[in-house]
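Please go over the structures that come below.
You will see two complexes here that share subunit A, one where it goes with subunit B and one where it goes with subunit C.
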Partner chain A sequence: MSILRIYARLAVASLRAKMQYKLDFLVNTLLWGALTTADFLMLAAIMLRFERVGGWDIYEVGLLYGMAWIATGLYRTFASELHNFDQYVVHGEFDALLVRPWPTLLTLLGRNLEPHRLGAVLQGAIILGLSARHLLAVGTLDRFGLVYVLASSFFGALIPFSLSLITAAFAFWVVRTGDLLTFTIHAPISASQYPLTIYPRWLKTLLLSVLPVGFINFIPVQYLLGKGGGPWALVFSPAVAVGFTLAAYGLWRAGERRYQSTGS
Partner chain B sequence: MGAYWLLAKKAFRRNMQYRASHMVNNAASAIFGFIYIAVWQAAARNAGAGEYTAAVMARWVAFTQVMLWLAVFLPHGLGIPEAVRTGAVSLEMLRPVDFHLLVISRELGTVWYNAWFRSLPLALVFALAVGVHVPQRPATYPLLACAVLLSVYLGLCQQYLVGISSFWTVQARWAWQLVNTCQMVLSGFMVPIDLLPPPFSYLARALPFAPLLYDPARIYLELSGAEALAWPAIWAVLLTLICRSLTAKARRRLEVQGG
Partner chain C sequence: MAPIVEARELTKVFRVAKDRRGLLGAIRSLFSNEGREVRAVDGISFSIDAGEFVGYLGPNGAGKSTTIKMMTGILHPTSGEVRVEGKSPQRSRREVVRRLGVVFGQRTQLWWDLPVRDSYELLAAMYGIKSREYQATLTRFDDLLEIGAFLDVPVRKLSLGQRMRADLVAAWLHRPPVVFLDEPTIGLDAVAKARIRSFLQEINRTEGTTIMLTTHDMDDIERLCTRVMVINHGRLVYDGSLEGLRQAVGAPSTLRIEYAAPPGTAPQGPWTLVSWEGNVVTIAFDRSRCTAADVIGRLGQYGEIRDVYMAEPDIESVVEQVYRRG
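Up next, the complex of A and B:
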């Protein structure tokens, strides 16, 4: 059985378990979608008052916002176990993943999917759709641009996923990484909802190197909206996403080899 | 009285064990602060929104980031949902002390810890980065002290309500999510509530979240005087009544889960 089929089986089993409570799923999805819209409310309050932030209007920033939330929502849906991975190391439960004859990451991801996190994807998609409609109408964005933006939102999920994978891998060395997540995921993703040009140089550099969330949305969108950069941005961004994922997986494998279980 | 004091002291000591890991949190908090300050600098560069100029907003964001650790970033439900799940709550309710006061005073130890090991370092970082606003009017200092105390108390009561909800539902997690989101959007954190779009600005004023950050921030920056204490004081009375009546109901409702 190929590796992907194993994953599909595990994932479907997890989803089936979740779908035993259909009303729960529906309510949770809507609730999560509504709660995560809070970020947009604050963004909109600022944009409606000042019209432009760093030369970007509300529709252009809406595009960044939508892409960031689609990517993050997908990551949270499919990698929820990774998000709280340090518990496995704290309690020594990682042993159970090591005994399977296939990659540990596969079992881990397949264990638990959180479909209600798609609520965040949905709200991101709605904001993105409304923004894109306006930008298409005024001609700032063309059809190719829209297709690219959609593709990049999905592809971009690799970046929060890799950041999470790296954070999880740290758990093999430092055990508890819950606090680290704020630093590696929550703060960078919040930052990526605004054009990176507004940040001080050190922060911008950070968001384009060690925590490369700028490649989810800002770098390609900046070029697509004619605000700077070159066509290279469209090729470079997915390349960074893939490269970063491979590097993150390398670190995970290194950490895995270092793992010691708990107990005396 | 002695028992409550002892509980607070123990909570302080327990937190001291995790100083190093909390420093990581502080770094993340500082970065969040810098992100919001940068957004405001870019937005309000030419003209601010009335009294909220770019310079005022830099201090606003710094102040609210520091306050978050005193009034908002508290243990989810003050540990009550966990105690309900394990059944330990039945023992806590048996004790000859007031449950509401017991939980609140226990967490005051955490707040005191946060003040020294989270708020203070953060305040120093922001002071170096964007400067400090030193209130000019002497009257501001006692007003600010009252506003901060009320904010801490209201924050604790709101978490207490999240916790007490676990007597009725096993999904207290969602109660926390809801309260937490309100505490972010409707408290004046990042965006002063009078700058929110109309329905939300009125909603924010009518709910108990604005006294957590908005009112203290306005007093600190001397945009408001003693009148800014009215809403926090009203809510302190209301939330106390709500907390106490729900505690009485929860006591009768108490059931230990499991065999």
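Up next, the complex of A and C:
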């Protein structure tokens, strides 16, 4: 597909550009690694202290945690440029994307590939692997469940991606969206690392509707581990991910038509 | 022949929201209809034929850039429409921009941290330019703009003149039939300007590229453009030849006559006497009312003419008058 070929060309160019600043790249990688480790240590501390959280044991939570990290890491690797998107609107740099004969979202994402974020994917995969091994051994999870969990971790990346795309598209209306990301991405993603059963009802509802991070992991895993829900969860979760992505892209396209540029 | 570029009743109204303070204020202004309307472009119509070189003039804030941004599909008009090769750059953006070249003098379109060559290769991939064609184009442009010397230098390390040349090549790489240039000579020194002008002249002549150019540099207009459009307060106040613009404004041409001997009386005629010193007389006359030949003929009645020097009004003062009237 020519779209993928163009994306690959752009992404490789962005890496080459990044290599111009090697120290910056190195520091970023180390910093990100330290952050993810710290985050994990906090979870580990909580789990070792209480053993069960909201009725889920450490291995079950590990499954949720691993899936959330794989999904988020993938999304950050490929779509980090969305995080700074309001700058394109503030400074009128979106002009440059509009005069090229490709979808603007493709050329935007092609500007910034962040492979060091794959470290988070790896960390998630290790925790998911260790947890799954235990759960398979005690028989709480079957082989089909494991395959589903892996597939869903990748599919799940669509949910933070579409949340981020919606936030970015807001910039076409309000121009500056800086702090909005904390509410629309960072907080929900952190919340999705724990079973949603621990949250008050209103928050749970929020995480299953407007900010549907519960569908990355909690909803399908709850059913696979026999903790509630029905087989519908396995179909519904990817459907939500795809549907949300399509809606987010629709909003993006609508925003594109509203774009005001800047005076020169 | 159908025009290659067309604008019909093109209008762009910007809403400038009333500035409110704080987060609450921001939310309120998001939902309120209060605010000031600015008609940046106000019902402009024109059509450009293939191969024309059009200068688009106007003071800062007149609506030049807004027009160009609508022509190139960046902005959507509030009303009216744009056609490039018969298609709307808003409705068929990707199809139209594939056949357009765009240069914004203030901002590079190249990849900042990469060598110029890398940018060109990316563009070649994006526009589907065949390798052999790409090589030939690059060689040709190296002849015209001498870009070979800095092809392997990162864009951020180029001088402004080099960067501008690199950007021009980038705009022409896919051989677009129509190119929009927004202040391509801004901030350049005389040598760099001259080089860019001769490139534009050459490419317009040999490739037949239709070019629309905005600039504040009157030399650009005088040397390049066969047609001038002047915009002020969002309205087109003039569209025609450069000569016609001079005549429409009625800016005086000046004529300096050197007589063999000082004339006995001050020359009288359809002109104003500017100065009379010994055998040199300078007058100013309006070309729309009498011809230069006529004026010289009548001046000849006052004595034997030894030499004639004529000066046309400089375009800057002409345009200034149009701005003031518009």
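The rule is simple: the second predicted complex is superposed on the first by the 243 of 264 C-alpha atoms of A that agree within 3 Å, B and C clash if a C-alpha of one lies under 4 Å from a C-alpha of the other, contacts with A are read in each partner's own complex, and residues count from 1 in each chain.
The rule is simple: a residue touches a chain if its C-beta (ideal position, glycine included) is under 8 Å from a C-beta of that chain, and two chains touch if they have at least 3 such contacts.
Keep in mind the model is a prediction, meaning the values are calculated, not measured.
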| message | Between subunit B and subunit C, whom does A:20 touch in the aligned arrangement: first, second, both, or neither? | response | second
| said: Between subunit B and subunit C, whom does A:186 touch in the aligned arrangement: first, second, both, or neither? | reply: first
| query | Now for A:232: first (subunit B), second (subunit C), both, or neither, which partner does it touch? | reply | neither
| message | Is A:261 touching anything from subunit B or subunit C once the two structures are fitted on A? First, second, both or neither. | response | second
| request: Report for A:100: first if it touches subunit B alone, second if subunit C alone, otherwise both or neither. | output: second
| Which superposed partner A:154 touches (first subunit B, second subunit C, both, neither) | neither
| note | On subunit A, the footprints of subunit B and subunit C overlap at residues none
| message | Could you list, by residue number, the parts of subunit C that touch subunit A in their complex? | response | 14, 26, 30, 61, 65, 69, 72-76, 90, 93-95, 97-98, 100, 102, 104, 106-107, 109, 111-114, 118, 122, 125-127, 154, 182-183
| Which bits of subunit B are touching subunit A when the two form their complex? | 21-22, 24-25, 27-29, 31-32, 34-35, 38-44, 49, 174, 177-178, 181, 184-185, 190-191, 195-197, 200
| query | In the complex of these two chains, what residues of subunit A are touching subunit C? | reply | 5-6, 9-10, 13, 16-18, 20-21, 93, 95-96, 98-103, 173-174, 257-261, 263-264
| remark: In the complex, the residues of subunit A that touch subunit B are 28, 31-32, 35, 38, 41-42, 44-50, 52-54, 176, 179-180, 182-183, 186-187, 190-191, 194, 198-200, 203
